[in-house]
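First chain A sits with chain B, and in the next complex the same chain sits with chain C.
Showing the complex of A and B:
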């Protein structure tokens, strides 16, 4: 029993990181109205921003969160200008291909600038274990979960209690109606895209801290997991995307518990397929047209 | 008239000299190289690139023959390796191929070189099935049915005194072969394998696999991988699991382990066929030159890569005037008396070699040799 409990804790922690990536992804898809393939690279760049901040200014988590958020948010502006701004009224596949190209560009640039080797992200959080035997939390797991919960809470306040947040929701729901209400759709979408990317960046930092290493190619699988979690949540529904991420983390870890770690992705994608067959709109209640 | 005759004679002499072998420019041979320059095994790919270039520069400086290396990045991906092997095989100016790093990549390329009739000489592939896939496939790393049994008998049982062992291994051609050979020998030695978990090559999260191992309370664990060994060591430390001795089969004395795992790697035990320390003067001088260029110290892998270039050069020289892809294969297979940086190399009929191994530990952030080659006697 202890063993299963410890695997559930591992799953919750991994699921929280997926959740944060998925929240960022859903914000981007919501406000831009298009699926993106650059999120993996945004996550990777956030991790590198935190790495260099820790190198320069010491291991301060708050500064790390700010640095990774801001760096990825700036990359978000670049992505918006290159991939979306000119193509709002163009066929969807144009921006889609554009995001794939930008993702390759960012990944290869990162390999040239940061080098192809793994980099260590050690001792940002000390190795402490709270619990008995196999069951318990490590300090880094607690910090990951706490960071994800606090950022989700801040995002909730932003979306529901601020003018900009309400504008973002309006743009996310219907761009034409929002424009008719006097909202600057382009600027709001730019802001939303940057916030989504910034959250992805923080998720990248947490990934690097949790796995104690980062590399220019880390974005590929991370972006895929963000996409899957977001699809589970119905693509644009933020709380459901978070639930999707958590479920994915849990399913993967419980799958490994009963079989082998080699089947991690099989469990994740079979779960995704099953959910989509039973509930094609994902966990979200919204049954309208997908973007 | 006399002047004209002298002029004519001079021209004849110049032509005759130019045509003589002493004045002929050395012939250039193009050699294809495939290595994981980027990706998880980038450290090893970069090592290949630098070591092979060092060897080619030395051979070219001597002037007898000239080697031109065409280096391509296989990213550690067997699909890429197969594509690159095809490109090299289709280019008639490429005389032989060096690489790749992993057994999986080499095994993906082996059928292609077999069909095209071009040598594929891998510095590091150690899956026992690789070299026998084709008469054109060669490797000088030594085979997993040599290293894994040594690991079980001498490192785990004799040196570390292990009783209950947990295994965690990468589910690849190399990993499967290392695992299977280790398990066979461990059973013969009476070692108790209490947990056995595997994962795919691009895995990042080992927390579940580690929890699985930990539940069975092994006194030693064996990590069988190369590039991901530091990640697993770090995640074991992060889980607060301290009452276990970590050993690893595969990475050699990789600088990445020291850089990425720092004090988490303290006490780590591993095996290597070749170790560079102050006693081994030629190897130390070579390693210093390598470190100057690369910025990190070499493991056995770049040393083997360095030797492969000299092996190909020797096979070309032994081919005489008519160098073909086939003559290189024949002369490589029948090469005798070759002593490289990593020791004497003579291929067995399958196209690979058996090596002797050393036990190395991480102490105070450095690799320290704990046994000599005679330990296995």
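Showing the complex of A and C:
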């Protein structure tokens, strides 16, 4: 029983990282209106940005979060320029293929620059444990959950209380109407893409701290998990995407208890298929055009 | 082989000039049946004679690989280029074909000539299972599901130690024997790949010119319109996916006795992207596109062998450049939804020939 309880706690913690990835993914897809394959690579680059920041500037989590957010946001600008800007009115598959190309480019460049092998993450957070027996939280888990909750809260404030947030929501609902209201759609989409990518980067940092390791090819499965989680919200609904991430984390960890850990990535896929079979349009309210 | 069957006749177009005029004249020549048959026979004879030239086995290996990749890229092109679905995990079906034929001949002693179609059929079944949950949805879902499926297939192969040997792979796959001839050297194996790819292109040409192929193309151009004209889109999309997966399985089934050794890291996502880049660079929606793509990408692979870590970077840059400059690919279907003329810096062209002929055709 204790074992299952601790697995559920692990699941919630991993699920909250997946939720952050999925939130980023939903922001990107919602605001840009085109689907992306680069999110996994953005997550990976965020992790590496945090790694090198920790190495250079010491173990400061706040600086790490800022660095990974900014690095991934700049990568987001690059992705926007390469993959989306010219293709808003083109058939969708063109920008889709472009994101696949960019993802290949980023992943292989990262493999060349950072090396193909696993790197151990620096021990940023001391290894402490709060709880009784097996059941309880480690300090890393608490920090991960706290970071995710506070970032989601900031995003909520940003989306609902600021002018830019309202513009972002307007663009994600209807680009033409937003343009008629005098919103610079291109700039807003660029901002939204950068924010979504930045959140993905922070998720990458958390992933690296949580597993104590990072590798240039981690983007593949991370992107897949971000997508699987956000399918629950129909790819654009942010709260449902976060719930999807939590569910995915739980499904994964409970799945591992009944099989072996080498099948971890398989459960994301099973989860995705289940959602697609039961409710392919997602659980979110229908706002705007679905990609 | 290269003409697009959905193109309207080139009657009303203006007389073009220069290089383009030459190309138009050559394609017009190729469209005459007598010339086409002659050219095809000359081409096939040339391809059949190549192994007799006593090339080094390195070059024969490259040629074999090109022929195998024409089947793989061609089958992916049937999915991506003709029906507008989006499969990026083609390596999964390839892996299933390879392992099926290897295991059938190693564990059950089935002859290669029976194992090959069985490998194709197994890949086809898996293709159906993968495609079913996504048929109602648009492109991206199928793309992610195929990506995931390809990785899952690899994971299962890697972890099923008792059957597939896990990371050690399968060794000593027997070479096929026909009429007492053992196909063990690449000079001999070349003919298997050649015959398979000829069969593939012959059948695909027939299928694409048939009612089924036209249904696929209509789905690609506009699914709603196709449905409204009575095309059962779901059925045809499933059929299309199964057809592509079948040929990927055949290519895999022919590959494993050729290489004599397979392991799960030969079928990674990068392998799928490799095949995808052939289709995108060569051209989607024409039969010639994947051939051109397979030739270009395989030669690039050989050229870049000294700096092989930059190989995928070069492909990625080529894919992005292709999307920016010529989204349908080098010899892709120019007058289709795959080609987008109104991108970015390019001047918006007046809707001339295609639109005019289309209107004329409707009235």
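The rule we apply is simple: the second predicted complex is superposed on the first by the 282 of 291 C-alpha atoms of A that agree within 3 Å, B and C clash if a C-alpha of one lies under 4 Å from a C-alpha of the other, contacts with A are read in each partner's own complex, and residues count from 1 in each chain.
FYI, a contact is a pair of C-beta atoms (placed from the backbone, for glycine too) under 8 Å apart; a residue touches a chain by one contact, two chains touch by 3 or more.
All figures in this text were calculated on a predicted structure; none of them were measured in a lab.
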*asked:* Given the alignment on chain A, is it a clash or a fit between chain B and chain C?
replied: clash
_Looking at A:6, would you say it contacts chain B, chain C, both, or neither? Reply first, second, both or neither._
first
*Touching A:227, do we find chain B (first), chain C (second), both, or neither?*
second
_A:96 in the overlay: touching chain B, chain C, both, or neither? Say first, second, both or neither._
second
*Between chain B (first) and chain C (second), which does A:59 come into contact with in this model arrangement: first, second, both, or neither?*
neither
*asked:* Is A:111 touching anything from chain B or chain C once the two structures are fitted on A? First, second, both or neither.
replied: both
_Just to be sure I read the superposition right, which of the two partners does A:152 touch: chain B = first, chain C = second, or both, or neither?_
neither
*Which chain A residues lie in the overlap of the chain B contact set and the chain C contact set?*
111, 221, 260, 262, 265
*Can you list the chain C residues touching chain A in their complex?*
84, 86, 88, 133-134, 136-141, 143-145, 147-149, 151-152, 155, 158-159, 269, 273, 276, 280, 309-310, 312-313, 315-317, 319-320, 323-324, 327, 337-338, 340, 342-345
*Spell out the residues on chain A that touch chain C in their complex, using ranges where they run on.*
35, 37, 82, 85-87, 89-98, 100-102, 104-105, 107-109, 111-112, 220-221, 224, 227-228, 231, 260, 262-263, 265-266, 268-269, 272-273, 276-277, 280, 291
*Give every residue of chain B touching chain A within the complex, in rising order.*
37-40, 42-43, 45-46, 171, 197-200, 202-209, 211-212, 214-215, 227, 230-231, 234-235, 237-240, 256, 259-262, 264
*Which of the residues in chain A end up touching chain B in this complex?*
3, 6-7, 10-11, 13-14, 111, 116-120, 122-123, 127-129, 134, 136, 138, 140, 207, 211-213, 215-218, 221, 252-253, 256-257, 260-262, 264-265
